[in-house]
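Mind having a look at this structure? Questions to follow.
Read from first to last, the chains carry the letters A, B and C; within each, the first residue is number 1.
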Amino acid sequence: MLVKNTWYVAGMATDCSRKPLARTFLNEKVVLFRTHDGHAVALEDRCCHRLAPLSLGDVEDAGIRCRYHGMVFNASGACVEIPGQEQIPPGMCVRRFPLVERHGLLWIWMGDPARANPDDIVDELWNGAPEWRTDSGYIHYQANYQLIVDNLLDFTHLAWVHPTTLGTDSAASLKPVIERDTTGTGKLTITRWYLNDDMSNLHKGVAKFEGKADRWQIYQWSPPALLRMDTGSAPTGTGAPEGRRVPEAVQFRHTSIQTPETETTSHYWFCQARNFDLDDEALTEKIYQGVVVAFEEDRTMIEAQQKILSQVPDRPMVPIAADAGLNQGRWLLDRLLKAENGGTAP
Amino acid sequence: MLVKNTWYVAGMATDCSRKPLARTFLNEKVVLFRTHDGHAVALEDRCCHRLAPLSLGDVEDAGIRCRYHGMVFNASGACVEIPGQEQIPPGMCVRRFPLVERHGLLWIWMGDPARANPDDIVDELWNGAPEWRTDSGYIHYQANYQLIVDNLLDFTHLAWVHPTTLGTDSAASLKPVIERDTTGTGKLTITRWYLNDDMSNLHKGVAKFEGKADRWQIYQWSPPALLRMDTGSAPTGTGAPEGRRVPEAVQFRHTSIQTPETETTSHYWFCQARNFDLDDEALTEKIYQGVVVAFEEDRTMIEAQQKILSQVPDRPMVPIAADAGLNQGRWLLDRLLKAENGGTAP
Amino acid sequence: MLVKNTWYVAGMATDCSRKPLARTFLNEKVVLFRTHDGHAVALEDRCCHRLAPLSLGDVEDAGIRCRYHGMVFNASGACVEIPGQEQIPPGMCVRRFPLVERHGLLWIWMGDPARANPDDIVDELWNGAPEWRTDSGYIHYQANYQLIVDNLLDFTHLAWVHPTTLGTDSAASLKPVIERDTTGTGKLTITRWYLNDDMSNLHKGVAKFEGKADRWQIYQWSPPALLRMDTGSAPTGTGAPEGRRVPEAVQFRHTSIQTPETETTSHYWFCQARNFDLDDEALTEKIYQGVVVAFEEDRTMIEAQQKILSQVPDRPMVPIAADAGLNQGRWLLDRLLKAENGGTAP
């Protein structure tokens, strides 16, 4: 079961052009393209005539032309041309999905279009802020998106999955502070402070100071699948826990977003931003590669977990203390699913 | 549902030799080989002993020997030798499929053998006619054969799928004349005249004249899946529509034949013949390559269509005016299926 | 249906080290590793926490640590550490499979652990005997293990599948003597004597004599899937059938063992031993390559047979005289299955 009535990320804004792009979201084939006036559009990627994919077609001024028999559909999905036929019968159309371009991302609504309100799109992303250098990437996962969410809501795994990149020994036993926003769709704020601790290798590699640090991971997770994180390391005792960020502190802003592709595959977009050495391209590349290595460590583990789940879907999981965050996340997702399905459990 | 009681093409006659050849038709594994006297034979590709494929075996004078435990089956499928055993129990055999060699092709009957009448094999193919230079090819399709038939019965797609090869803009809106033979199993004759029109790139590339042409595509389609076409371009006004073919006219004869392999895969054989420059091998190759490029354009579209159909098999298709030919084709196929299944709809 | 309450081979003893090894037996994912004291252990390859594979983990002194969130499981499968949590709830464990190291092999019990008695492990394997030079190998099969057993219990196939390696023409019609041990789980002894016959190419290639030979294949098969064979060639008339093995005789001892991986895939381990030229490494390699070529001939046939069986699982097989051995083998396996399932047929 997947939550439908929510805004999912369909891609980076720059992914979308006059060249049609085929992507699947929530098991639905979608074609993304820009109209002649630059407007991003998402239509069902199936011509209503004989089901050829519109993504093999061409974008013209009037819309997208199916390359099989030449029918044209406009940005609303309505058919506006049938070659060799004068009349266009009423109702000749393909499904349109609400699509909004914001924060450099494309947001798609796969559920009931009547409920799509762009005001509900998560705000306050760091992408594109001028004082930050942002880099972004994409990972395709052979796993259900909830397994990725589980991973993000429980950072004890940093100690074991990422010992040489993002993690430190201390990550295994640190108890995070978890706060749940009881308004709206719910939102978790997870705060992890590692005082007078070692830096992770990734921070060590870019820090302008040596020795012990006060480190933090403070992140907000919005269901179903969006995480915004403030993370960094400051020299021990320079006031980071009290809110003071000295200039030599390493500071990152991170965004991780998942969109279900199918029940067992997912899209994963991430943005990594830093507020230091903004023009150092070698540093940008170095940080990006470090993130990619760490994210591959996650992917290896999560895809292995999915394989097992697909083989023994009914095998129970046994809870441990570290599950506090992911349990709240799963509870929030279940609540969304229940709300969407008339109050009954999925 | 696939029509069973009909002659399907099993391959080119030259495909079949003393070396056993494994092919699947209508979901059945078949082994094709020639006996010592050159007779082409089709047997079930499963030894009756322990189901090893006979196609891994060897053809001997007495028949085909299973390479697992050495049983031999003759051209009728009857077991004629069991190593280490004197008696051959009655009924020890594999299924034989009626197979006829005609027009340089092998024709196989997958249905009730009692109904297999070689007189029903479609006649008047151009293959091998002395005044024509024939070249042939094979394509394997990841699609149900009816999707290929649909494509062949609606040439409006030439404008969109083949704009740089077979098609012209005029193909999109030209209304063909469609005649149905109401005798026998039915046969459609589709006539398309493009008067004083541009030639397709394929014709331009071989024509001995320039400028506008009277072009034609006149083809007969016999259910379930055989098309014979007379196609060409003559200089405008030289009498082609009235039946006069001036020497500088470009003339082709084309045959396209599909055989279901499974419900979602198909064999496709084609023959392309011309009546000019018969000995120009470079031209033969050039034309062949042009056809291959165009047929790959079809395959890309049709296999994409099949993928969607496999995902949403119940999604309705919406008819348009251009479907006149393919609708008649589907109606004829349905009629064959109903006849085969006791008059009830499949 | 697979027999569960029996000792299967899980690998060569040397396969198992401190580095965890993932293998599947009878559809169950298992992790194999050695503890700090060198003891070989087999656990369920699924952490009880969130089902990550333990085989991605690390072996430490206390046991194997899951690399996802760091739980540790000891050699009994009991959880002995949960990072960030003092108490380990009772029953926190993964399944342990009885594992015994014997004859250089690992033997695993996938059924009811209470019935696992190491005394039931087949004894008298030739592996590692000092007067013999042993070489061993592994093959992965895309086929149910019973198809491999069938193959081993009917050597008429040597004539057809291995004409240039293991087989001779005479293999096709030779009637073996088959004796069934009516005690215990049953055991077949199959004796094949080829008197004054040609040697197989494999024997010819290593024999120190030329001309006709008295050849033998004497093997015991223990259900479900273990074969021990004494095979060789001696110069004709030198007393081999009476039990005299002259020094120039070619003598091999062979072991073939199958373990079901899934219903349609299998593990296959084999050991080949000879009692001549023990230190001739080039000869060892030559013999090994000969065996590998021959075993690939089997694999090609058996995997082709499996493909057909998967397509038409209900297609009956027709018995012939050569099936005597394999029929007894199948009967013994059915009896084991029935005994295991409360006397009812599977």
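Here are some notes:
Heads up, the rule we're going with is that contacts are C-beta pairs under 8 Å (C-beta built on N, C-alpha and C of every residue); 3 or more make two chains touch, one makes a residue touch a chain.
Given the structure is predicted, the values throughout are model-derived calculations rather than measurements.
In this structure chain A contacts its sequence twin chain C using mostly different residue numbers, the overlap staying below half. Superposition angle, chain B onto chain C, using Cα atoms only: 120 degrees, a multiple of 5 between 0 and 180. Centre to centre, using the average C-alpha position, chain A and chain C are separated by 48 Å.
Shared interface positions of chain B, defined as residues touching 2 or more other chains, are absent. The residues of chain C lying in touch with chain B in their complex are 150, 154, 156-157, 159-161, 172-175, 300-301, 304-305, 308-309, 311-312, 315, 317-318, 320-322.
On the chain B side of its complex with chain C, the touching residues are 29, 46, 48-53, 56, 65-71, 82-85, 89, 92.
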